[in-house]
Structures are given as structure tokens and as C-alpha cells.
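Both complexes shown next keep subunit A, but they swap its partner, so subunit B is in the first and subunit C is in the second.
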Partner chain A sequence: MVGLSVGEKHFIQGGIAQDLRSDGRKRLTYRPIYVETGVIPQAHGSARIRLGATDVIASVKGELGKPSALQPDKGKIAIYVDCSPTAAPMFEGRGGEELSTELSVALQRCLLGGKSGAGSGIDPSSLVIVEGKVCWDLYIDGLVISSDGNLLDALGAAIKAALSNTGIPKVNVASETSGDEQPEVNISDEEFLRFDTSGIPVIVTLTKVGRHNIVDATSEEESQMSSAISISINRKGRICGLTKRGGAGLDPSIILDMISVAKHVSEQLIDKLDSEIAAAEADEEES
Partner chain B sequence: MEYVSPEGLRLDGRRPMEMRQIRAEIGTVARADGSAVFEMGNTKVIAAVYGPREVQNRSQQISDQALVRCEYSMANFSTGDRRRKPKGDRRSTEISLVIRQTMEACILTHLMPRSQIDIFVQVLQADGGTRSACINAATLALADAGIPMRDIVTSCSAGYLNSTPLLDLNYIEDSAGGPDVTVGILPKLDKVTLLQMDAKLPLDIFENVMGLATEGCKAVANYIREVLLENTKQLEYRRGL
Partner chain C sequence: MAAKPGSAPTTYSPSLIQKTRPPIFKDNDLDWVRPDGRGFHQCRPAFFRTGAVNSASGSAYAEFGNTKVIVSVFGPRESKKAMMYSDIGRLNCNVSYTTFATPVRGQGSDHKEFSSMLHKALEGAIMLETFPKTTVDVFALVLESGGSDLPVVISCASLALADAGIMMYDLVAAVSVSCLGKNLVIDPILEEESYQDGSLMLTCMPSRYEVTQLIFTGEWSTLDINEAMQLCLDACGKLGKVMRSCLKEAASASQE
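== the complex of A and B ==
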């Protein structure tokens, strides 16, 4: 995908070994993050994140649905990611499908917790309106517009920003319902429910190039990686999910090292992201 | 349903001959060779151009001109109710084809033999007139990529509802079932490169409606020229000329 000469490869690897990367960053610094919220007016919540030349949009839409019979007290949340061919010609046609699925599944694992919904960034039981009958189905759609590496972290951040921008309409239920009847519901267009997004983790991807780990790799750096670990960590420093990519094997002790590095990095990232989201929300209200 | 009120105002408060607000921005996709965002009211599309470059699939190579390809895709969240559409359904294939043919007509393909130009358009918000918005965005992106063209292509749609010709239909007007004429022109050469209409319309009224759409195209062309000029000035400034 990225055509690099032998010299360029050496330059990237040598830079990483000396803690000075091609764009002047240190190994553990992120590119500047730009957050814009409310970019898709039809959605209940949306955000656009730019991380260098990586550009992603996330939108949140709620639809009224029926909870599954196995979990009548929980709403459903689904994450889908699409890679637009604008990001790279190789995503044309069905070319982006593999990456889209990989990203969707990784995000689902990192942000939504297990099948029971335990450990989810958003409490699925807060989406229930009438137990066993009506609930909100939350559809989170990610779209990759431009890709320059580190898509997973960017998408994770975009989803976090979109969820904190989300207002789901309040639903009033007509009181008398009995038996199997679907209760009548009334969607209010004035009152909105906001989510508590403080529990949503951020995703930190550590990419191993040579003997060192870097965060926020560009696509040139990603082409030189041996393996990468994406770790989602919440504000309390708990690990919420983990995905390893890339072929090369890792020593178990190195994985533990990487996790502790990721934990350290995530603190700064969460602070930075929260302040950017707050600034974007303030901007949106002004305009 | 009443689409034009007795006072002569449309559902979104426009006059029949009024266009929605248009806005364009060049260079939004950093890694593409050329890119642009084009907005017509609530319709918003991104176009990215890659090329001219080596032909990826050798069997498609044309020895005396460039191969132009186009793909149109809609984001899941672009429409009012969320729907997951499979890629390459008939509607998007048709629109891809329309955009490709329209852009091919203005690109000087004979200057770039044995090469390939890819145009990708992505709809972020759909509120009627996506075809036109895509063509306008693609023109800007091609210009940004520095691809030689005969002229810029601009497009606009017009319709006929409540016995009034209406310029630049939005989604509600578009789904009213009346005729919808989409026109694409080369404004400097004064030639029509794209013309589509559904439903039926008497010949004399069609002439009016098409004239209106052509006027719309010219207005878009003026705006696109302004944007391109502004962009070129910025580039000049950055070079320190």
C-alpha cells in the first residue's frame, strides 16, 4: 500500500530508535487532535475528528426497537464502520470491507464490553423504555474519509465525542398497557436525554517498530510495524478491551510493559480529548 | 400537497427561482491528489481524485487516452432514516456511470494515455440534488488535482410543481413525484453534457424548466470559479509570489 524505498524505511526505523520521528514527534506523542461536533444534523449526535491527515466522522442514531428476549432489560448498541474510497483507492468496491469489519469488531470489543453488556462505556439498561417491549437501539456509524494511520484511536475518539454530543429524545409511555400489546409511545421533541460519557474509554494503539513502541503511527510507520496492540482504557485506569494485530509474536512480559505505557499515555489523551470535546461543544452552541 | 404557497414561497422559504445556499471547500482530504467538499443547502458531498497514475488493472488500459473511473457511495447516516445499503446497488452504479460520463466529457483524456484517473464521491448528507452536488464536487476536485480539462462542468436540477418551475429541488420536493430535470453544462463552451428527466412534461414547459436549470448551472459555475480563483491566490501567496 505504501511504497517506500530502502532508504526511507531505514530513515523511519532509525528515527524511531532515536526517539525523533519523521514529523518531529517523540515516540509517545500524539499528533494534534481537532474535534468538531454536530457535523451531521440528521443524526442524534455526531463528531468529526482529525488527527494529522487522518479524518473520521462518527454519528449516533437512535431508533425505537424491541429488546431481545434473552435480555429484556437492555437496549442494543451496534457499531459499524465504513471506509470511504475517498480515503484510499484500494477501498473501492468491496476493497474496504475487510478493514471495515476489522475496525467495527475491534471497536465493539473495546467500547461495548462483553455480550452481557458488562463493562460497556454506555449502560445498555439506560436505553430501555418499557422492559421487554420498547427500547432504544443505538446505531453508531463511523466513516473514514481520509486515512493516515491510527484509524482505531481516531474512530474511538470520534465515537466518544459523538456520544457526548448525543441527545436522545425523551419518550413518554401511555400508561395503560397489558399483556402482549405493544405500548403506545410518544416521542418528545423538546426534552432530550444525555449520556454520561465519562465512563467511555479511549483507545491507545501501541505500534511496535523494531525494538520500540510508538503511539499514533502514520501509515508510513504502520507499514514498518511488526505488531500492534490496541488497548482501551477508561478514566479510572481500567483496561476495557484489548486487540493485538500484526503477525509477529510478542513476549508476554513485553505485552505487560506495553499496557503500562498505554495506561500512562491514556491519561494525557483523555484529558486532551475531554477539553477538545468541551471546546467543540461550546463552539457549536455559539454558532 | 402545496409545494408553493400563494405568496410564492416554497416549503423551505425559498422563491421558485432561488437556489439553496452553496458552499465549497478545496483540499479537504489531505492524502488525495485533489479533493473538495460541496454543499447545496443540507446536501453535502466529498469528492476525492487520485491520479493520473499507472493503470491498476492492465487489461483496462487504453493506449491512446486516460481511463476515467468513478465510484459513488452514500454514508449510512446520510439519509433521514438510517439504512445500511449494500455497496454497488443499482442506484449508485447508475449515478457512478453518470458522473463518469459527464467528467470524461470535459477531461482532456488524450493528453494522458495509458494512465488512470479515479474519482470517488462520498455523500455525507442527502437532501435532494445529490447528483448535481457530486458533479460540482468532482469538478472542483479534478481542478484541485491539476487535471487538464476543456472547461469546468457544473450541474443543477430543476422541477415543476404546482404549475411553477422550481430551481434546485430539495428532498421533499424531489419525492413529490413531479418531473425532475438534472442538467450539466460546460459553461464557457455553452454545451450540455448531462440531461436527465423523469415524469412527463409538455414540450414548451420543459424548455422553461431546462432553461431555469441551465441558469442554475451558470450561477454554480460563477461560484466555483470564485472558489478556484481564491484557492489559486492562496497557493500563490504560500509560494511567496
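== the complex of A and C ==
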């Protein structure tokens, strides 16, 4: 994918070993994060995140639907990611499809928690309007505009920003209906409800190059990885999801080490992201 | 199908000290048992058989309780012309369900998520450099879904690869653990999976003690992760032995 000469490979690996990466960062430093919210007026909430040359957009849309029979007290949340061929020629056709599914699955796993909804960033029971009859279906869509590594962290951050930007219209149930009838609902276009986004985890991907872990790898650095672990961690320091990429096997104790490193990094990332989101929201209101 | 008595150890439950946590189910719920009567750390008996499909280069059948899967391996064969030159081999994985595998009649279509998980779990164990320019196909079919489908598919696939004579560093054994309330239950069945608060799946190469794939969902504390990983690693080690003995049995039977 990324064509690198032997010299360039050595340069990247040697830099990582000496804690000075080719763009001047240390191993555990992120690239500057730029957040913009409200970029898609058609959606209920949206955000754009830039991490170096990686550029992603996330949008949140709610639709009224019916809760599934198995879980009548929970709304549905779906996450899809689309890799546009404008970002890289390899995203065209099947190549993009594979990456899209991989990212969607990883995000669902990292952000939506277990089947019963435990550990989920958004409480699915907060989406229910009338139990067993009406609920919000939340569609979260991510779009990769430009890719320079670390897509998962960027998408995770974009979804977090988009959700804190989201206002779901308040729904008034018109009248009490009995039996199996669908209740009449009235969607307010003035009152909006906001989500509690404090519990939404951030995703930290640790990429292993040689014997060292780095965060926020660029695509050149990613091409040199032996394996990578994406860990989603919430503000309380609890692990909400984990996926591993890359084939090479890891010793279990190394994985536990990586988890504790990720925990440490995540604290700074959450603070940074929260302040960026707050600044972006303030900007949006001014304009 | 049932395992021959005395032929191989059929259970791979981890031997762990009974944990000292207080039970979460108080009073009359104290004697809470799993739907199939197993202990929390007790696995279903595992049954493996190689050579399930004659036309394939290698194949295996696995049966863990109600979960039944069949995996066949084809190749190595020449990669498609459209593919770029590669000096290492390619692995192509596909997991599909039969229409009658699930309680509700399904579509029987490919399971993309599992296919990519299977690929990621196996690629680290296979010596891809031993068959450059070629592709190995791994097709898994879930005949009956009874919970812990993916771990069973992965273990069965690595056995099928071994049966096909594909060079591997080690067999890959996979085990999952579900978190129900505060309890960790190993090798969950379908019913338990639908109520789980979190799950962890670990695939590892037991003899090398290396984790090839690890997935968690739900909210976990570091302590729980430690405990769940230990459980899985212990179970994987034992499952690896069961798989190995199945291969040995097949090899000695063909010599006779």
C-alpha cells in the first residue's frame, strides 16, 4: 500500500526506537486535533475531525422506529463507516468495502458495549419514547475524507463530538392508546434533547513497531507495524472494548502492559478532546 | 456423533481456584446454575474430527454442545490473475451460516464480521511465506449455532489447516468468556450470549503462549480483564491438547 524504500523503513523504525518520530513527535504524542461541529445541517448532529492529514466526518441522524420485540425497552443504534474512493484509490470497490466493514465493526464493538447495553457510550434505554412501540433509531455514519493513518481513533473522536453536538427533537405522545395500536406522536421542532456524552469512551490505538508502542501512527508508520491494539476507555478508566489488528502474536503480559499505557494516554486525550469540542461548540454558536 | 470413550480428553475447562467473590444472587437465587447445568468455569465437551470433506485439501468438523461447524480448506492454489504479485501467500477466509443454523430462519448468507475475525485470528499462525504467489481458501459453515460460534469456527479452522498440511507455527485455539452481572462464565451458549453484559474472546497459540487475537465488548475493569484472560489462556492450553490428540489420532489411523 505504502511504497517505502529500505532506507525510509530504517529511518522510521530507528526514529521510533529513539523516541523521535519522523514528524518530530514522541512515541506517545498525538498529532494536533482540530474539531469542527455542526458541519452537516441536514443531520441532527455532526462533526469533522482532523488529525494531521487524516480527515473524517461523523453525522448522527435519528429516525422514529419500533423497538425490537426482544428488547422492547431499548432503542437501536447503528454505526456505519464509508471510505470514499476520493481518499485513496485503494478504497475503490472491494478494498474500501473491507476496510469499511472492519472499521464499522470495531466502532460498534468499542462504543456500543455489550448486548445488554452495559458499557455503552449512549444508554439505549434513553432512546425509548413509548416502551415496546416507539423509539428513536440512531444512525451514526462516518465518512473518511482523507486517510493518513489512525482512522479508528479519529472516527471514534468524531462520533463523540457529533453526539455531543446532537439534538434529538422532543417527542410528545399525543394520547394514551390501548392495546396494539401505535400511539400518535408529535415531533416538536423547537425543543431538542441532548445526550449525556460524558460516558462515551475514546479509542486509543497502540501500534507496535519493533519493540515499542506508538500512538496515532501515520500511514507510513502503520505499514511498519507488527500488530496494533485499539482500546476504548471511558472517563472512569474502564475498558469498554478492545480489538487487535495485525497478525503477529503477542505475549499476554505485553497486552496487559499496553492496556495500562492506553489508560494513561486516554486521560490526556479525553481532556484534550473535551476542551476542543467545547471550543468548537462555542465557535458554532457565535457564527 | 459422539467422541469415542477414552480416546481423548474431551473437556478443556480451565483449572482455576474457585474465586472468593461473594455471589451476586442473594437468598433464593443462590443456587443459580447455567441453563445446561455447567459450572461457571466449566466448558462444554469438545469434539473434533478431521477429514470431514473428501474433496478438500483439508477439513475438520467440530461439535461443542449444540454448536456444530464444518471447515474446509482448499489450496494453496494460484492467486487470481487480477491480484498483485505477492511474495507471501494469501489467506482467504469466509464464514457462513446455514439457513437453519439459528432459532429464527436466517438468510444463510456470508458473515462478513466473522470472516474478517477468522482471517485476523489465523494469519499470525500461518507461515504465509511458505507458499508465495498462491492463495489458501478457508471456508467455514456453521451448521448449528449454539453459542460461542466464532471461537469454535477458529479452532476448527486451524485444525482443518493442519489437516491440509499448511505450515503453521502452532494450532490456534479460541475461547470466549461472557460477563453476566459480576460472574464470568466460560464458553457461553446462545441463551447466555443474548443476556451478556460483556464478552471477551481470546485466540492463542498455546505452545508459543502468544495471543493472536483478542476482542472485548462491554465495560471491564483491569482486574476482570486479568481474570478473564487467565481463564481463557488456561482453557486454550487445554483445548490445544484436545485438538492435537485429534490430529495424532487421525495420523495414526491413516498409517494403519
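Operating definition for what follows: the second predicted complex is superposed on the first by the 286 of 287 C-alpha atoms of A that agree within 3 Å, B and C clash if a C-alpha of one lies under 4 Å from a C-alpha of the other, contacts with A are read in each partner's own complex, and residues count from 1 in each chain.
Everything that follows uses one rule, which is that a residue touches a chain if its C-beta (ideal position, glycine included) is under 8 Å from a C-beta of that chain, and two chains touch if they have at least 3 such contacts.
Model, not experiment: these values are computed from the prediction.
In the superposed model, A:Ser59 lies in contact with subunit B only, and not with subunit C.
In the superposed model, A:Cys240 lies in contact with subunit C only, and not with subunit B. In the superposition on chain A, no contact is made by A:Asp283 with either subunit B or subunit C.
After overlaying the two complexes on the shared chain, residue contacts for A:Glu131 are found with neither subunit B nor subunit C.
By the document's definition of touching, neither partner reaches A:Glu191: not subunit B, not subunit C. Looking at the shared chain after the overlay, A:Gly249 reaches subunit C, while subunit B stays out of its contact range.
Here subunit A touches subunit C in the complex through residues 70, 98, 101-102, 105, 109, 112-116, 118-119, 227, 229, 234, 238-252, 255-256, 259-260, 263, going by the rule given at the top.
Those residues of subunit B that touch subunit A in the shared complex are 28-32, 35, 42, 46-48, 50, 56, 71, 73, 75-82, 84, 87-88, 118, 120-122, 124-125. Against subunit A, the residues of subunit C that register as touching in their complex are 112-113, 116, 120, 123-125, 169, 179, 193-199, 204-205, 208-222, 225-226, 229, 233. Contacts from subunit A toward subunit B in the complex involve residues 40-43, 46, 52-53, 55, 57, 59, 61, 63, 80, 82, 84-89, 92-94, 97, 139, 141, 143, 145-148.
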